[in-house]
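Order of writing sets the labels: A, B, C and D. Residues in every chain begin at 1.
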């Protein structure tokens, strides 16, 4: 293993854009329930940030005919890291282009994953500077925790569905320099991978799409930092008619505390309590879960992730097959 | 409504005796995992108490051929209350007898519920006095929190299965003076009742036995007082091979935080986090849940109580019907 | 000990009226930060309730020249209990009068404590009925948890300062039938008592006024039910410029989790996390703390309650003595 | 800013050796109360690890005449990073030597900080492999959480006292490549710095020694990952006669939850709840606290860090100056 392999090139997930057929419902969810600040409104899009998100926005909500992820952007650890990653992507597959058209961010390299997701890499990000009345006394906090709903701190990670997990893992390892912290194998087939290059348990996860579709989103996760807040959030969602899919509980994979719900537009959102395992060892060995261990892997407590949605529903939804029950 | 109806006659659940076919496993569960103190050992029985249980014991474990509850005893709020309750029971049904043969307790009135459970009423209870080295600096705490496992504080409540809930509720209301705080109705049929005369959400609950059996135990609950400890307990149970049935989550009924497991002998045990609603209004009106509200009633979070066990399994187990799956 | 002594006659603290010289600040504190609902506005007064308070209001904020408690009212467990308690008060001291002029409550007996506090007893209280949009799916919850600030559930208890604690205790024991659960003695002098007749650790506490003043308020406490929420509240108070006096920590006395702050008008308010010890034994023996045990009594964690405020400041404030430092 | 400046060269704090004049007391503290596993005993030393520490040991307890830190070792992110860091240290100051004599670790570079602390850098670390009965079902967990006391997960960070903070910061920035995330300035003087190169808020902190001594330890911190466990720990320490200095509360600096105690040998130990801020931005700008902001910096809740110990006591203790009160 060479020195380069230990180098952290991807800092974190900087922003995600979601499409929603119900923009009013989706904005009510993120602003009124999850306490995100609106920082800009332009055309069919609204830009939002959690009170600890460092940049101008971490979530862009755009009206569209169908719930789906438009794109997600990872920030590199330096301008040179961006150049290295783009060169690797270009060497690996031809698709990709530089753009520079998003509010609050500079030049950005857009590319397509082997399964067809739109992703981006960028270095240039404008730091958010709070106006006087939103400034927090806690100096590492870019803005005050608002008094609205149960405010999430920040965007945390991305979980993608893929028709084939292995090419995704290979591409993210090779071109982005991500480390595979944990994986699930079902016989010979990779059923899921959890990847990061930071100390987080994952910045990006990829799970097998049981519907066989390509390029779909499983969920976007937002960070509370406190497990109790996922319990509080479940109570809020219950009383304000947001469908809870599963949780609060704790995954064995990543040891993180989770709560899954569907925002009114139909995208699955995870509320993430404490971060679970922090990967401090630079030579952390990939943990591989087999199907006989999967009960502990999916939940340490009593949760059974619902087969009819958790492993089949993603956005954009795909038409159900004739004989199938379930949400999609 | 008369003055007498507001009188609290039953103080709390003082003790439970469980039978187990696996006494070593059951004692390991209660002592090593749940940190209960052993206070006596006699014949086939071991007497245990949590570190905040006020008397000599709250749980007696007795070896026996089948997992079941031998009896449970409620303590009255005064000697006179005991007399009043016994007179009422005697007026209501002939079965019952005074005994005085349990370590740490005085004269006790044993009776049988309409569904056949063995229960007792008593006033005389010997207070536990800790030896010097077990004395806590926290004066309301009868003994130090031990350093073993994840210690429960004390016995909390009892949940009984009954072939017919309504006669149980009638008897407990009339003869014990319990208040029905919440109930579930399935059309015309009472499916469950949660009763207390204290500020607790329930000292005794009764749920319909889906197997139609008589006199069974659903679960005995022990109190942590802190929701996080049910999360910690789930992790402990997972890694020490105790089957988790459901939770941690929070019931809508009673608002209490729950975790259900099976002790190695087969009895279902609930770990109870924070107490949920405390009933401060003396004229609290019974809340009635209908089946269209039952999702929130059973869990505020995403838990689906497992049909194949939660509503059918009790102790003693009954033989499964030919076409049925499930634990019993 | 007679049967009567075990009878619970006082159900709970139903309402408190506070005066404030800064009504806008005080209302911002209770409504915007603590998420209380406003249920009425009349003259110089605003009526508020927490989302689990059972009646029309639990807190009345009235503009006045100086921060102080106007009165506090306890609800009895039955109409007959009210009659018995009033007869006892009348036999004990001549002052007192029936009134019937408060919104949402019926006839009320007003009396004066031996130290001069205005208190009331009542039975008739109008239950709050939420309009459709504020109704909770959790049936024991009288209204939805609001999305504003960090909402408290309900009023919890009252802590009074007294120039002499013992006559207060004697009066509350004799005339109200309260049980003294815990007390602090400083040599021969009672320095504090914590009293209830319910399972709560205290509905009313009385502490010695180090300034020797009569009839002052130490604090009014509001209930979260979850210890984490006192941590969340401390962070909110810090960033929104509310002075934190002490906490979050846990008292040894009552085992309850506390956070003390001053509302903008100057009254001390306690945010109460989990309830601490629940007194299930009807014959609970009073725990007496001596001054050598007081460190554990005041805080289980590292908090030192600040001498210059906690033991001397109350409302109404009294002029400082010439040589003294401190908040008053 | 060059590419190299974003490179993470120091992975984490791998191990600490403490000296204690009371080895029985110190081992009881770490094993019985904090649930650390003993992995080796040799001469006057015992080697311990928390259940999530990845290597053979993270804490070595050695009998000695006075409480102090013998040394602390940081692990680099790669073998090449070790070489680069050693070359930089050697270029910067002449002292330092390669050794290879510690159980479970390979060749190690020992050096002395500008203030005289003994520190080490290493890459080679033997991973801990649990025997069958200690293996956890949670695959990222190197061993089962034990059933003893309130087990910490792992070693977290180091806080050093220094007679002069600035040379320490300069040396750690220049030679170890650490990033200064937060600092406190008292006029022109640096009073404290919190440094890491990972996403943790700090691996090493340095605070001004108010006694002016050189090369002392302020504290070693161990990680729970859950804020509630610091509350649980405070209760345990209180009842088992461990002196609590301050907390549980949350620092504004780093946003981390803290509890400070003194182990029986006299070294200050921090129990660390949730990790506080995770530094995801690679270009995180150092936050500088001035003395007028220090109240929020030291604690978000009501804690006043005790002047007479927190800012003056360190190990080894130094003789008190004639006019001074306090612990040392």
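The working rule: contacts are C-beta pairs under 8 Å (C-beta built on N, C-alpha and C of every residue); 3 or more make two chains touch, one makes a residue touch a chain.
Per UniProt, the chains are A, B, C, D = Catechol 1,2-dioxygenase.
Source: prediction; values computed, not measured.
Steps from chain B to chain D, taking the shortest chain of touch contacts, total 1. Of the two chain pairs examined here, A-B and A-D, it is A-D that is joined by more C-beta pairs in contact. Note on chain placement: the centre of chain A and the centre of chain B lie 43 Å apart, centres being C-alpha means.
One finds 32 Å separating the Cα centroids of chain A and chain D. Residue positions of chain B touching 2 or more other chains: 137-138, 226-228, 235, 238, 252, 296, 300.
Contact residues on chain A toward chain C in their complex (touch as defined above): 32-33, 136-138, 144-145, 147-149, 226, 228-229, 232, 235-236, 238-240. Note for the complex: chain B touches chain C at residues 3, 5-8, 11-12, 52, 54, 75-81, 127, 137-141, 154, 181-182, 198-201, 225-227, 252-255, 274-275, 277-278, 280-282, 284-285, 287-289, 293, 296-297, 300. Chain B meets chain A in the complex at residues 227-228, 231, 234-235, 238, 244-250, 252, 257, 259-260, 296, 300-304, 306.
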